[in-house]
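Structure record follows, encoded as structure tokens.
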Amino acid sequence: MNAWLAASAVLLVLGLGPALIIGARGDGVSRLVGLELASPIAVFFLMAFAAGVDQPSYLIVPLVLAVLNVVGTLVFTRLLGPRP
Amino acid sequence: MTFIVGAALTLVLAAAIAVVASQDPSRQAVTLSVLGVSLTVLFFALQAPDVALSQLAVGTAIVPLMVMLTISKIRGGR
Amino acid sequence: MSRRVRMWMVAIAGAAVAVGMGLAFVDLPSFGGSHHPYRDAAIHGSVAHQTANAVSAVNFDQRGLDTFGEESILFASIIGVSALLRPSKEEQEAGPSQPGRVMEATRILGYAFIPLVLIVGLDVISHGVITPGGGFQGGIILASGIHLLYVAGSYETLGRLRPVRLFEHGEAIGAGAFACLGIAGAATAMGFLANLIPLGSFGQLFSAGTVELLNGAVGIEVGSGVIVLIAKFLDQAILLGPQKS
Amino acid sequence: MHFNDGLAQLAPLSIAIPIVVACVMLSIGQRAPRVVVDTVAVAGATTVVGLDAALFAGSGGRVINWVANWLPGGGHPVGIVLVVDRIGAGVALLAAILMLLALIYSARYFESADAHFQCLMLLFLAGMNGFALTGDLFDMFVFFELMGAAAYALTGFKVEDRSALQGALNFGIVNSLGAYITLMGIGLMYARTSQLGLAQIGANLDHQRPNALIVVAFIFIMTGWLVKAAAVPFHFWLDDAHAAAPTPVCVLFSGVMVELGLYGVLRVYWTSFAGVIPASDMRRAFIVLGAVTALVGSVMCLAQRHLKRLLAFSTIAHMGLFMCAAGTMDASGTTGAAVYVAGHAGAKCALFLLAGMVLNRYGSVDEAALHGKARDARVPATLFAIASLALAGLPPFATGLGKAIGEDALSADGYWFGPVLFVAVSAMTGGAALRAGGRIFLGLGPRPRQTEDSAAEEETPETTQRFGRRSASLVGPIIALIAGCLALGLAPSSIHAIGGGATRLIDHAGYLAETLRHAHPTVAHDPTAIDWTTTGVVLGLVSALLAVGVAATGWYAEAVRRRLRSVLAPFQRGLSGMRALHSGHVGDYVAWLMVGVVVLGALVGLPLR
Amino acid sequence: MSYYGYFVAGAIMLTGAVGIARSRNLVHAVVCLSVSQAGTYVLLLSIGYQRHAAAPVFGSTIKPSTKVVDPVVQALCLTDIVVSATVTALLLALSLQIAKHHGTTDPDELSALRG
């Protein structure tokens, strides 16, 4: 296991684990915090993993995640709150 | 590598249980998004970038949007 | 049945199913092993047809009929949603309700991301033969990009930019093109969905013969279809307003 | 020997053409007048009838098409293969014919929403054709889902109708869950054999001992197909969906979609698993499940007043009989099931279309509310009586012939109760239909009291205007269905063709040899001379007579029933308990689905240990 | 570890099924159904996985002679994901209409269908 993979393992356990816990408790807005934590960590994980297995073509996945996460977030911020 | 796959599998299982355990649908939708991210991570770790990309496209934007729109329509009646 | 009886039934039957699954799983070849005969044959076929992305080769070439069925499921579901969410007479008369207010930051972020999402989507579709991705993934990304306009707050702009009727045509054209490429194969006596145009060379943008075309057809179908799909939900939730009971 | 020759090319076309037509209709549907849309839809369905008929006529052996020309070279086949034999082509043909009649019937149906109804119908047809013609396990799943997606939307098409929506959602959730369990089984099979083709899996599994993996995979795969086939306890979705779906859709559901589930079970078992799971094991499972399904279906059928729900339970009951007949696991029983399916489609679909006419004209399908309302409708009344008697197995209708062949096959295998079950179920379901018809069209018997549950169910009209009294587009399809049922019973040559098809369906070795090793088709030996027998005719007449008796009891025995109240009370309680189980609650149905998987495992798996 | 992936897949599927059975809201039930389907993705990809193999996408770094994981299960999984998304959309549309016409999404309160 090289350094990149080790880093991705750390991100997975120490990053996504807690993010999931936050994302599974409380009301919608506090869960959204967990999601907002999970997505960037996942982006970093995907990049580190792609570097670890030395596959630059995989990098399209973190790129798309980064872009679509914005869409997803906007959906929730728009619809999660109380209706006007 | 094996450790990463194992950890990702555990994460997905935990997220799935969390989604099912959430009774309120709008909270559940957020957790469903987290499950989508976890599945993306797992598929990537299983060397399936194509599938990861699909799950990403479906799981982070389209399905949560449909669920949230359905809920907001239903809520409107209350 | 009362809730309690139901949960007992589920618990007992679920436990029995779990035991069955467990018995079956330990008979499986162990996780991560190297024995995959179908894989070897599929890779061979993929290389023979100059398709760098073996998943696309399986999807559009070797098992193209599955994907044809899959795209038809998408097509049927979208028509189904359009039919199920058609506005009733009272709803049509009620007219649109006022869209909610949107934060300025949300609006700016939304507009700024639209071109980026569109470019990424087109890239994912067009490189489907040689890198991860393809028509389905790219199509959804494109559709998400258009719908950023909604979350950015201007449902009216969205309405102008998104003539749903046009996208319904796009959906039909995409699905029809897939079918017609298949029928063209049958007409040339090669076989339905046969890979009948020049294959090009491995790893090039335009390689893999019909895989590239089918990929494009799926991109058109999924992109337009998902726009129609979301539009129907949006119309219900926004345009027709919350339901007064 | 000839791969992908002219005839073989028709097989994928029969899947692709309806999809192309659906695309065209979606494009023109917004602008074109209604009559154009209907014409295009009917033309599309007619084309598919032609293609399927050509396949049926030409599939004396097996028509094999390796899609996209991925022929099985020396090594591992990677492509999808379509393998068309008589039964597969026959089911596809049945689906196409029923679709054509349903489209003609619905030509003035609904204020069409942009031709969406016709598009969904054609995609539904494509799904059924694909499911019937493919020789690949995963491809079966894909087309199963295509059928499903179109069917859920069609069930809920009357969006103003509360029960239609709930029925569609129950149908969608239960069917999808079944399909995912099937997919899990497909995954297990893929892990075990590294194959997806039915024939390839069969070759891989031949002469192995059935271990836990194979049995569990088999049970999981069966689950999805049995949910579609509405075997008890997977059947709950069926009456919900059938009772509420638009009438032309009910025709396809009852006439062919449910039967396709049984076809899937037989196809997968005989092609892939016949070499590893013994037929005796399957026979026990099939006959137990089939008998229970037949009894539950017929008892529930008698207890209904809602005409469409009554017909739906009769479909469940008949599915039980088909399972029993095919469960003999021999050529004659399978032939009986196939003939019975074809005949049943004629009788049952005619009844559904008549129920649709009643709904159109009187705004209800509750036999208590409609008591004597339709006295003036002579033609529908006559057709209803004929179709009900055909349903009860009156010779010379094909239902009677299929029933007779099935009874013979069961008693030849030592199942003495087979004929008793067949006669009883035919009498009860046919009798229930006759009872309802007699009340509605003739006003026989005293007016039944309005009970709460029957009064609560109001029905949403399916049509915007009342049709003319003898509109050809309504009566035509009904007469065609009854005539088809009669013709099939009178034409031994068509029975012969179906018999040959049944022989091939259960011919495991022949399917594998012809598909994988390009072997010449083995000559199908003539299945035991299949024709009307004296016993068959007598039993058919007996069940028709008993059906009249059952109906008469329904009309006139209210007083007797009141006197025997104390004797009948336990039965009444049992019946209301059984009715309570059909609760319309999707959670209950999922619980029953899981129980069903366990029961199936116990029936198939435990004896193999 | 040698069967962990399969067990996780089975557990997800059963979790989803139990979730539908105890659901008090139809939207919740539809989401649980899609969770249940996620179990099938995990199973399929676990079956095709091989340790120390690359993704089946050839290019400058992965030559056709490199060991790759199974592309067939990935293709099946892609189909599965499309099915999941579209069936979810259909069922959500039905739930929405049920909420509109029944005024509730609690399956315990729906009463249009009784045997």
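Labels for the chains are A, B, C, D and E, by order of writing; each one numbers its residues from 1.
Criterion: a contact is a pair of C-beta atoms (placed from the backbone, for glycine too) under 8 Å apart; a residue touches a chain by one contact, two chains touch by 3 or more.
If you're wondering where the values come from, they're calculated on a predicted model, not measured in any experiment.
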Legend entry - Third chains touching both chain E and chain A: B, C
Legend entry - Most distant chain from chain D, judged by the mean position of its C-alpha atoms: A
Inset, instruction - State, to the nearest whole Å, the distance from the C-alpha centre of chain C to the C-alpha centre of chain D. - result: 31
Inset, instruction - With chain centres taken as the means of their Cα atoms, state the distance from chain D to chain E in Å. - result: 28
Legend entry - Rounded Å distance between chain B and chain C, as computed from the means of their C-alpha atoms: 17
Inset, instruction - Would you mind listing the residues of chain C that make contact with two or more other chains? - result: 3, 6, 10, 14, 17, 21, 26, 28, 32, 36, 38-39, 42, 53, 55, 58, 63, 66, 69-70, 73, 76-77, 80-81, 84, 124, 131-133, 136-137, 141, 144, 147, 229, 233, 236, 242-243, 245
Legend entry - Sequence positions of chain A contacting 2 or more other chains: 53, 57-58, 60-61, 64, 68, 71, 75, 83
Legend entry - Overlap residues in chain B, where contacts from two or more other chains coincide: 1-2, 5, 21-22, 29, 47, 49-54, 56-58, 61-62, 65-66, 69-77
Legend entry - Pairwise chain contacts, counting only pairs that touch as defined: A-B, A-C, A-E, B-C, B-E, C-D, C-E, D-E
Legend entry - Contacting residues of chain B [partner chain E, same complex]: 1-2, 5-6, 9-10, 12-13, 16-17, 19-23, 25, 28-29, 32, 35, 39, 42-43, 46-51, 54-55, 58, 62-63, 66-67, 70-71, 73-74, 77
Legend entry - chain B contact footprint on chain A (complex, rising order): 1, 5, 8-9, 12-13, 16-17, 19-20, 23-24, 26-28, 31-32, 34-35, 38-39, 42, 45-46, 49, 53, 57-58, 60-61, 64-65, 68-69, 71-72, 75-76, 79-80, 83
Legend entry - chain C-facing residues of chain E, complex: 1-7, 10-11, 14, 17-18, 21-22, 46-51, 55-59, 64, 67-72, 74-76, 78-79, 82-83, 86-87, 89-90, 92-94, 96-97, 99-100, 103, 108
Legend entry - Complex contacts: residues of chain E adjacent to chain D: 9-10, 13, 17, 20-23, 26, 29-30, 33, 36-37, 39-40, 43-44, 47, 72-73, 76, 79-80, 83, 86-87, 90-91, 94-95, 97-98, 101-102, 107-108, 110-115
Legend entry - Residues on chain E engaged by chain B in the complex (per definition of touch): 1, 4-5, 8, 11-12, 15-16, 18-19, 24-25, 27-28, 31-32, 34-35, 38-39, 41-42, 45-46, 49, 51-55, 57, 68-69, 74, 77-78, 81-82, 84-85, 88-89, 92-93, 95-96, 99-100, 103, 105
